[in-house]
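Right, I'll just put the structure down here and ask away after.
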Amino acid sequence: MAPASSSTHSAITLNINGEKYPLSVDHRTTLLDALRERLDLTGTKKGCDQGQCGACTVLIDGRRAVSCLHLAVAAEGREITTIEGMAEGDRLHPVQQAFLDLDGYQCGYCTPGQICSAVAVIEEHAAGWPSAVTDDVRPEAGPPPLTAEEIRERMSGNLCRCGAYVSIVQAVARAAEAHEETTKEASA
Amino acid sequence: MREFDYRRAPDVTGAVALLAADPDARFLGGGTNLVDLMKAGVERPALLVDVRELPLDRIEPADDGGLRIGATVTNSDLAAHPEVRRRYPALTQAVLAGASGQLRNMATVGGNLLQRTRCGYFTDVAGPCNKRVPGSGCPAVGGEHHNHAVLGASDHCVAVHPSDMGVALTAFDAVVSYETVDGPGELPLADFYLPVGDTPHRETALPPGALITGVTLPPAPVAAHSRYRKVRERASYAFAIGSVAAALDVRDGVVREARLALGAVASRPWRARAAEAVLTGAPASGDTFAAAADAELAAARPLPDNGYKVTLMRNLVVAVLTELAEEAAR
Amino acid sequence: MTTATTGRTTVKGAVGTAHTRVEGRDKVTGAARYAGEIPFADLAHGWLVLSTVARGRIRSVETGPVLDMPGVLTVLHHGNAPRLTTDYVGMLGIPDPTAALFQHDRVPHVGWPVALVVAETPEQAREAAEALVVTYEREPHDTALVAAHPDAYAADGHMPAVTEKGDLEAELAASAHVVDAEYTTPEEHHSMMEPHAATARWDGGRLEIVDSNQGASWVQSELAKLFSLDESAVRVRSEHVGGGFGSKGVRAHQVSAAMAATTLQRPVRVVLTRRQMFSLTGYRSPTVQRVRLGADPDGRLRALEHRSLNQTSTVYEFVEPSAGVARVMYDADAHRTANHVVRLDVPSPTWMRAPGEAPGSFALEAALDELAERCGVDPIDLRLRNEPETGPVSGLPFAGRNLAACFREGARRFGWADRDPRPGLRRDGRWLLGTGTAAASFFAGAGPSTALVTAEADGGFTVRIAAADIGTGARTALTLVAADALEVTPERVRVRIGDSDFGPAMIAGGSMGTRSWAWAVTAAARELRERLALGTDIPPEGITVRSDTTEALGALAQKERHSYGAQFAEVAVDTATGEVRVRRMLGIFAAGTIVNPLTARNQLVGGMTWGISMALHEEAVRDRNTGGHYGPDLAGYHVATHADVPLVEADWVEDHDPDDPVGIKGVGEIGIVGAAAAIANAVWHATGVRHRSLPIRPDRVLSAGTGASRA
């Protein structure tokens, strides 16, 4: 076993889904490999290991990121949410439920990344972020409606080779509507 | 990937000191390019100095109407910032046209400027590449180059710079601030990237060990009327085969001021000064725009398989300028 | 003990009703474990080293320095690896020697496996693999597929190389309208999201492999033969599979993991990197196709010729049978089809979603569109005028041919009747708009399978079959099929798949998986229900019935059995930038019994989405100087992403074959057939330019301009 901390290894604590995981990592270890190979959190998938597919998407401090290009040692001190942390007990996250109900997947391998990404897309849109297909990005123009076109652009960092994009977009739209209803109720 | 040491930079001074002490050290920002290149074996640092937590993550409007953008501001935060969207909409559009939502959350402004080419020969350590191994040769010239440079390249390297953000920053005369162990310095983006020549491995004029601390955008009222368009081989999540950042101030049908920069055509974001000269003071017409594009592209030296880029860039420049002129007329 | 009840009176048929996936909750919560995700104690990690030369011999593998690196356990290569047996005939023919690792020093292509480095951690294995020095004797290579390659030859593959009848030249000469065109398709890769991964270990005298594959008992059988083991001494499990599309068979990952586990006597995992997949896991060969059509003034075909050439490796002959489509689709007085291959210094190609049909339908259906233009006949009418009475080559009767119904329903829903056939007339801002159509067909076959169905003492039922659910929804479909055969609700049925211990079964391939497995499951379930109807008591271990469909399959009458489809696409083209966007697609299919409308629609739409990707994006590029790939990753090899895929709709017409005991035809592949042609035909309709080479890249569109500007 490697020493706890050395010039090539560090003893760190990762905060994942609200739990603390102390471990010693080789500095070369990515967050993705730490999750999958060291912590048995295999819901986060390795599709390309190069930031080119989105299968390894997790939330870091609430924002989506590809865990394959994030070193585990650099993730210390951050709050990481993986697919395993999306549901509340037996109750699925609305995005998960929509994927299940509308068949927003096939083989399922890109699915955790798609879901993590979709959760973030809904938040980013709620925060008023424009996208590459937003006609007028000036703040005066107001936030764009979350159309299918907007969802497609915002989700484009998540490849699905089975070609389930149509039902994924429908699932994201449904979950976004539910989110909007909840937000309205909360603010009413 | 070889083993390496990892340190978090305590502050800017400490960061540059750590780097100065080890010639094999690299700064780690978002990691979206560096970690990928380390996996490919292109980069083999002995030490990573993590600068993500340095207090360089602010975007501050300057009193003169410009903006100061910290080096560790993420692409996402840059694109979403109200003042960027208001004063430099093409910059927001350029950033949003790049990569994916995930990568934009990780990637930083400083890292974006320093990202390496996506040329497939550069990232394939099994073969030669003058940028990676000086003097080893450039297989792209006689090989695959359909997305390689048509402007400013040399026989030694025909790779293109992949940045979208940099194209908009170039159009808006951004100035790069940096810190070294000898103190701070500044470089206008126009002088930031070195000509390719016979030294394609030397990419920027940054002093060795310098840490980019920020980018300043001078005030540019013309930038409020700006636009970025990118053409790529799928609709999203792909590098450009050609892109344009343009800003146009048209009054009474005459171009008062124009800014134009081209992407994916050269080893750096390409400021189209010849085109700007044609545009300035000329009628805002299709003929002017075509003449401007032709003036810039007269210097193009396409290879056998990338000549389409000259047509593409001409059409794209005309299309974007036409859209801006039509907007101004409304 | 309990007495079984099958609830005969209360159950409504489950087949035909939308049902969410039985494993869906596991997939959306991350609980579903794929091959590389099952924990093993004392696991070691293998990393493959691939050749950097296109042709030659390995001169040396310098293992010494690498064995001294931290954590390195062994380096396997041709000098020390276990010997394998390769002179056998497996379920799908002779094996591709690409999987027979480390048996000799020959290097037949860039990316050929030359060594496996095994270490304690993946990081150590990777670093050591990258450090391993292998020297080669280089030889000149040829990796360029060209139409008139002197070494090309006619090859059979899974169908006769050549079919012909009539006097082709005479009929062409007598034709009022002739189309003679060359079409090309590029090298395409499966690029499923889950890379090939396997863990091998010896457990109680058995070699156990946890794998990601398209047929657990198939892979078990092949590995047993390769390693000269009794089939009972090998167990292969493959519960969840992150996509396959034809690529997930016996590959370097299982074989190298098994070798290392044997050498080290501890569990070893080998996961391929995305880059390694480009040379180790097969691909769709590029094709060069020539189509000649001759027709009467009204569009009736007098002459049809379809020739195709594909590349294969120097170690294995794989035929991409693109010329096979016309043998089923269209008749003509003179009819000739031929598949050719040429052996190059490239990796072996393999089956990839609709092998033959996908590239073949692009050429043939695009040529028909050109013929429709020449004849001034509507493209749909042209096809309906050429509907054959019997199999154009076989002469066999069709077991239902519902292509016309697909076109009628599709035309109605797509709004085809309002279409102005003239190209280059419609504009929306910077975009030229056009619509196109194409026909589709895919063979409906089945392979022998065995299934075990058990009535459990608790009142439930367990189905066990070595099926694979590679995303098709097979697990759910079989649940519904079993429920109906048992006359119980699906909730009482548990389907277990992906384990070679369940017995031999068809692979998930050729759109035959669900059809084959459903046949076996139905047979066993029906027999079990009949037994239970006698009021038998169920012992604690349950009552199990085993079925084997080998005989029943042999008894099926010889007919032309296919699914059909009509594809429609609307595209927008900016000829100033070369960008092409698909705006909408509609596919109407006749694909037999639809077991689960929810997942079947997803399969069909997924196939059509592949058609978009094939038409506009996919192309693996080979460097002519090194013979290796340029940019072999998911940034260099573009597959369609969300933004490329608009609302794609798929639906189906009633399609019943009274002669077929299963009725299921399979929906995995028909969706891609004709899809790229419909898009290419729409691009012509938008611009007036025929794009006969895929993908229809911006530079190609830009260089071609518009028909108007060239005229």
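Observations on the model:
Per-chain numbering from 1; labels A, B and C assigned in written order.
Rule of thumb we're sticking to: contacts are C-beta pairs under 8 Å (C-beta built on N, C-alpha and C of every residue); 3 or more make two chains touch, one makes a residue touch a chain.
Which chain is which protein? Per UniProt: A = Aldehyde oxidoreductase iron-sulfur-binding subunit PaoA; B = Xanthine dehydrogenase family protein subunit M; C = Xanthine dehydrogenase family protein molybdopterin-binding subunit.
On a predicted model such as this, the values are computed, not experimentally measured, just so you know.
When chain centres are taken as C-alpha averages, the shortest distance to the whole-protein C-alpha average belongs to C. The chain pair with more C-beta contacts between its two chains, of A-C and B-C, is A-C. A straight line joining the Cα centres of chain A and chain C is 29 Å long. Averaged Cα coordinates give chain B a centre that lies 40 Å from the centre of chain C. Contact with two or more other chains is made by residues 1, 3, 235-237 of chain B.
The set of chain A residues touching two or more other chains comprises 26, 28, 49-50, 152-153, 155-159.
Chain contacts: chain C has residues 123, 127, 635, 640-643 touching two or more partner chains. Residue ranges on chain B touching chain C, taken from their complex, read 1-3, 41, 118, 120-121, 123-124, 126-127, 139, 142-144, 146, 231-239, 241-242, 306, 308-309, 311-312, 315-316, 318-319. Interface residues of chain C facing chain A in the complex, by the touch rule stated above, are 20-21, 23-34, 36-37, 39, 121-123, 127, 190-195, 240-243, 245, 271, 273-274, 470-473, 598-599, 601-603, 605-610, 613, 633-635, 639-643, 645, 647-648.
The residues of chain A lying in touch with chain B in their complex are 7-8, 10, 26-28, 30, 49-51, 54, 57, 60, 63-66, 69-71, 73-74, 117, 120-121, 124, 127-132, 134, 137-140, 152-159. The residues of chain B lying in touch with chain A in their complex are 1, 3-6, 28, 30-32, 35-36, 39, 48, 50, 52, 76, 79-80, 82, 85-86, 89, 92-93, 96-97, 99-103, 105-106, 235-237.
By the touch criterion stated above, chain C contacts chain B in their complex at residues 52, 123, 126-127, 130, 430, 576-579, 581, 616-617, 621, 623-626, 628, 630-631, 635-636, 638, 640-644, 697-699, 702-703.
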